[in-house]
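Below, subunit A partners subunit B and then partners subunit C, in two separate complexes.
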Partner chain A sequence: MSTRGDMAAGLKTTLQRVLIPVAMALVVGGLILLVLGKDPLDYYGFVLQRSLLRWGGAQETVTRMAPLLLIAAGLIVAFRAGIWNLGGDGQFLLAAVASAALAPALAADLPRALNLVVCMIVGALVGALWSVIPAMLKARYGINEIITTLMMSFLGTSLANVLIKLVLRDPDTTVPQTRSLGVDDRLPRLFGTTIHSGLVLAILAVILVHLMMTRTAFGLKLQVLGANRAAAVHAGLRVERLTIIAFALSAGLIGLAGAVEVLGVWGSVRADWNPAFGLLVVPLVFLARFNGYAVIGFTLFFSALMVGGESAARRVGVPQHYVLVLVALLLLFLALVEYLDQSRRKPSAA
Partner chain B sequence: MSALFTEPFLVSLLFGAVTAGLPLLLAGLGEQISEKAGVLNIGLEGMMLIGAYTGFLATYHSGSFWLGFLAGGVGGMGAALIVLLLCIRKGLNQIVIGIAITVGAEGLTSLLHFVQFSRSYPRLAAAPIFAVPAFSQIPVLGQGLFSHNPLVYLSWVLVGMLTWVFRSTYLGLSLEAAGNKPAALDAAGVDVVRTRSFAVLCTGFLAGLGGAYMANVGAGLFVPFMTGGAGVIGIVLAMLARGRPLWVLIGAALFGASLAMTTALQVAGIDVPTDVVQMLPFAVVMLVLVIFARHSMLPSALGTSYVRGER
Partner chain C sequence: MINDATQAGQSTEAPRGAPIAVAALRQVTKRFPGIVALDRVSLEFHAGEIHVLLGENGAGKSTLVSLLAGMQRPDEGEIVIGGLPVVIDSPRRSMDLGIGAVFQRVLLVPSLTVIENLMLGGSWLRSLARGAALRRFDELSVLLGTRIDPDAPVSGLSLGEQQQVEIMRALWRDEKLLLLDEPTSMLTPQGVADLGRMMRRLKEKGVALILVTHKLLEAYEFGDRISVLRLGKVAGDIEPQRLQTMSEAERTETVIRLMFGAADAGAVPDKGHEGELAILLGRKLRRANSVDRSKPATLSARALVTMPDFAETPLHAVSFELWAGEVLGIAGVDGNGQKHLAEVLAGQRSLRQGRLELAGSDITWGRVPERRQRGIRYVTDDRLGEGTVGTFSVATNLVLKEIGALPFWRHGISDWPLIHQSAREQILRNDIRTTSELTPVGKLSGGNVQKVLLARELDAEANVAILNKPTYGLDLHNQRLALDRIVAAAARGVAVIVISTDLDELLEISDRVGVMFQGSLAGIVENDDDAGGKVRRLMTGAAAE
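Showing the complex of A and B:
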């Protein structure tokens, strides 16, 4: 029954819901820069030029999308199932360390492709493993997973450092880090660019997750769980099992992100390295309204902001943590626009 | 291992436990007030961080530690005001806003610190210490427990005060009703929104105060991201204490002790990477959660906004 007019109206509201928060975050963020005595137009211009208009920067931006997309895929599974997996950083780092430890050790014995696949699977498993305790506590006793995943995340971040410094340390380097994976053994690059093939995997993963959540019976079960836990119990779904599976899938995808970042970009993990992507991806997933296709576009936008922001830190004198301010503003305005939208739709309430 | 139980080691451990535990205690007590009233402050970490920043700044410019504590509390309240306006009054998602507050506080404080101090981290003078007469003369315990900044003793008094407020005052009853059965409180003629707003402002003040203590007394300087999960521990403390302030104190002391372990072990001549010790409090919390999972209870209306007349 959808007519052309309906579709146009739908498109319009979608655009409003997306563009207004983004624009407001950028404007308010710009005002903050202005107050601090920096020229916001200068900053945004520099970011845009560095991250998208230069070939080198653009390649870096697109490369950065790979881990972000995999994390987004993981968050989509969790959020759609009504689970707040905020422990992404710990899951990401431990998986990164596991694959960084394994890859150079196996490189001599296994063919490149097999080695990479094994390391990615191990990364995903390690990520999933790190979600088991919060998942069990949530499934069995209904303990708030926000708190437990955050705790596990702090624990995982420190554990990753301990492993690097005490167990996996490369004896040949002064700065504690794992043994480096040779460039020839890393994920193959795409068409002579610096972009590695993990990007293809990430795009595939996010699309598959979208299809799984929207087109399969299993996805529907998770959505029911997310929409109303009590209803899911009533419908005879095995809520405990579903919760644990959704958690494992989510954390596994985030673990895969860690493995891909190591196998594709760095080749090793330094002690105290923590890109802290986990919470940064949250607003992107909200902006996309848990839609896997939409999240690809937002990830490109955000990746450009990050990569540009990093070089702006060196050149314009705005620290890269400014991106965190933008993320917070984005979350704030997203929630606000959502609220205004809802109160407009049911004027009788309140 | 006999070197472990010498007097310097025990003093250092006790003193460190109190110093490191105090921010957790204040934040945990603050969170307890909110949780009682049915508001889940995921932004506690951000409130602490803002308090640490504003508190440090005030003391840095004025030289007064009391002014610093006040500024820290007010800074935390400022962050709590966002929760008040958006979540309690407008009913926006408390989790999304909580994440926004934490992430925003991390970004904003490091941005402001960079603009003012670039990459230098100026130190404050040592915080004033008040040795409790007589008590501070007790061997080990005296130096470990009774030679601290006065805020420490005030916080211990606060534990007793809150116990009394929760147990035997009308205010305590109202807070509890706002968390468990907001509609009943409303029917009794008490404004749910106002009760919850009051609770959240208290939380902001206490969390900010804890942050200010952490920066001004604990560290003597401000470093971006310095709270490092203290807010999350505060939330867990409140969760496990099930509304009893004394339990927050006990928990904070235990976590403070595990945080103070590094320095104490170094005093005893044992070198352990800080990362191992940093894991301790979180490992302990997870262990406690796994063991006592069935016993951590939260108010039934926690995290949901109250809309009058809605079922």
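Showing the complex of A and C:
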């Protein structure tokens, strides 16, 4: 339970528990680069320069945060409620395809703002719809949602491809993709940058989710469900209904992420496009301990690594997915610092 | 079951006269973070003697048992077996040394047969030698005077029989030293009598027995030597010779003095410990009987039936009535449907058939929130499993069943300052020992977790309170506090149901006592002077008079 008093007291230790692992991950990651015969300073410097110091890179980094933040918001709802929604990729892609198909079709008839709102709502609904089967199975029969959401995710990504190739294909292009939404009909840009307004929506969503989880009765009910299901039953919470609502909210926010990415950045969806953000965000949410504000920081960090890492990898000559090695190291060290901290504290506390 | 005629069986007969120390602790200290569980404890355990370890919860009894059973290692001091210092670094080593342990909970595999369970301890590589195992089984059956079918599945045995199998397993390798950790807590009176006979047979065969208990009467009945532990130290011993010459009053005075410290010497039993004493002795602190049953009943249950659930006895046409200000005790051996009864009344479990009425109106289909709103409260026995969320603060747990309701939530928005302020008041009023209202409830001691639950459930709006094993696992002081709060609630006019396996406790506080047997209410008796006898008969399944 986090309250203002808690947060102020815990801020220092929280910072320590985050900054130390980050530093350790960067150092060990650098050592691995050294072993591979690459210059770690060169790599990190290039990542930093491309992702944050150069204006174009910085805009790209911040733009990348929008879908990640929305997915994180969705995962916070699920994880806090003790639900492992690992089907984010399917929910994201199907919502992206739905909004990509709808937006150009409605663009002629609807005003821009209304069109965007309708498409985002449809995206969220499609995402939520794709979680209905795992949600019902979990609520009614207690079937493990890790398995069912992953399975639905495979089905969802495949279905998205099938839809693009067979049903929604733009006949004017050679590569199978949906019809493109004109740049003027996309989400408006902010202050003459390339950053679209979906970012504002995403930050709002994360903050609202955080407030919902910590300041409302509904959020507390979800937390009780997540922390101790038997206690939720004992306290008379409607466990089935809460489970289904948590699933729908989670998948809806992830669907919204798909819609925002299409409406803000791409304008269309190509066949076989799958950024796989859904699973990438999972460790970030854990790093942030389901805290909405902390998630914003971690998402910025991760976006910078992603954007900078893509070009830095090409330049230094390491695989592009080296970024994931850093994230994995970060998780390991975070757990390690946490463990050491707790075992150090125990004797004095008890 | 007991066969005293056959005294055969292999003999590790102890020479009479001078007692031999089978095992000894020398200056043993064991620390856990923040506490010294055992502080330079020296004890000797003799062949052919039942050595009772008496003490409150937290006195160090269980730690001592776990050291001998090889589950913990001492920080300082040594354990001596047969005259030689040994290191007991695993339960297997403990068994190799001839030490067998029987714990409070049954640790058998229910789906396997008796003989299969007994063969489980063998080495990995050896094939299961059924013939040899059966021979040993027969030997032990004669030794203990038990008659159990070796091929019966454990799940079909009564708890008493399961405990006999546990004792066989403890003696399987050798029969030097047998540890019994609160062995009577789950037994019927008949089962306790059988266990007593079994212990005496083993004693005659020269086995050293250690009986851990917090019940004074058991200590007198079975013990040859009594050692009292207090705060990790041996507060004192009563030698066999002395024990035999003392009157019961003298014994009690000595033990009470040892258990509660020398400060109380001469003033025993003083006012401060009268309540604890009542629990120790199973004496009645009867309260004035003033229930008016001429009015309509507050709660009436008619032919309640539940669906069978995994490993739980369902209800089978349970009917009773409960009046305001009354305490109805529900006795019975654990697992005879008590949990279903409590959950059905609380609204946590749905009925298959039957009808529930509260003050004349039908509440059969009301769920937990509706019933709670009408004043029905449930204190579960599974305090950390379902009663609280261990990682949440004391404050949150105090309002766990009110989430979303006024005054702590307005339009669904949490008023944390108000929740915390109210929690601070509750903590003061109920003497909950916690560093603050923000402390996770899982960090509190069992007694304080129970205080949180009692504060949450026995509030001013309570009409009907169901308490499942309200004193289970608490030390004497907290048992007393819990019982006092229950009696106080009844005095305020709350209709109370107390489910417990501890009959003495029920006889102390109840107006009537009902007995659950195999999912039915075998009978309800008025708590008069011979209620104890009637209840015991009902517990064994004998028909109600």
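Throughout what follows, the second predicted complex is superposed on the first by the 335 of 350 C-alpha atoms of A that agree within 3 Å, B and C clash if a C-alpha of one lies under 4 Å from a C-alpha of the other, contacts with A are read in each partner's own complex, and residues count from 1 in each chain.
Methods note: contacts are C-beta pairs under 8 Å (C-beta built on N, C-alpha and C of every residue); 3 or more make two chains touch, one makes a residue touch a chain.
These numbers come from a predicted model, not from an experiment.
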Check: Who does A:W130 touch here: subunit B (first), subunit C (second), both, or neither?
Finding: neither
Next item on the list: Classify the contacts of A:F277 with the two partner chains as first (subunit B alone), second (subunit C alone), both, or neither.
Entry: neither
Notebook entry, point to check: Should A:Y43 be classified as contacting the first partner (subunit B), the second (subunit C), both, or neither?
Noted result: neither
Check: Given the touch rule stated above, what does A:F92 touch, subunit B (first), subunit C (second), both, or neither?
Finding: neither
Next item on the list: Pick one for A:Y141: touches subunit B only (first), subunit C only (second), both, or neither.
Entry: first
Note to self: One more residue to check, A:F298. First (subunit B), second (subunit C), both or neither?
What the structure shows: neither
Check: Between subunit B and subunit C, which makes contact with more of the residues in subunit A?
Finding: B
Margin query: Going by the contact definition given at the top, which residues of subunit A touch subunit B in one complex and subunit C in the other?
Written below: 349-350
Checklist line | Footprint of subunit B on subunit A - complex, ascending | finding: 32, 36-37, 84, 86, 133, 137, 140-141, 143-144, 146-148, 150-152, 154-155, 158-159, 161-162, 165-166, 279-280, 282, 286, 318-319, 321-329, 331-332, 334-336, 338-339, 349-350
Next item on the list: Under the touch definition given earlier, write down the residues of subunit B that touch subunit A in their complex.
Entry: 40, 42, 82, 86, 90-93, 95-97, 99-108, 110-112, 114-115, 224, 228-229, 232-233, 235-236, 239, 273, 275-276, 278-279, 282-283, 285-286, 289-290, 293-294, 296, 298, 307, 310
Notebook entry, point to check: Tell me, which parts of subunit A touch subunit C in their complex?
Noted result: 1, 3, 5-6, 214-218, 220-221, 223-224, 227-228, 230-231, 233-237, 346-347, 349-350
Margin query: List the residues on subunit C that touch subunit A in their complex, please.
Written below: 32-35, 347-348, 367-369, 372, 378, 380, 382, 385-393, 395-396, 400-401, 403-404, 409, 412-414, 416, 420, 438
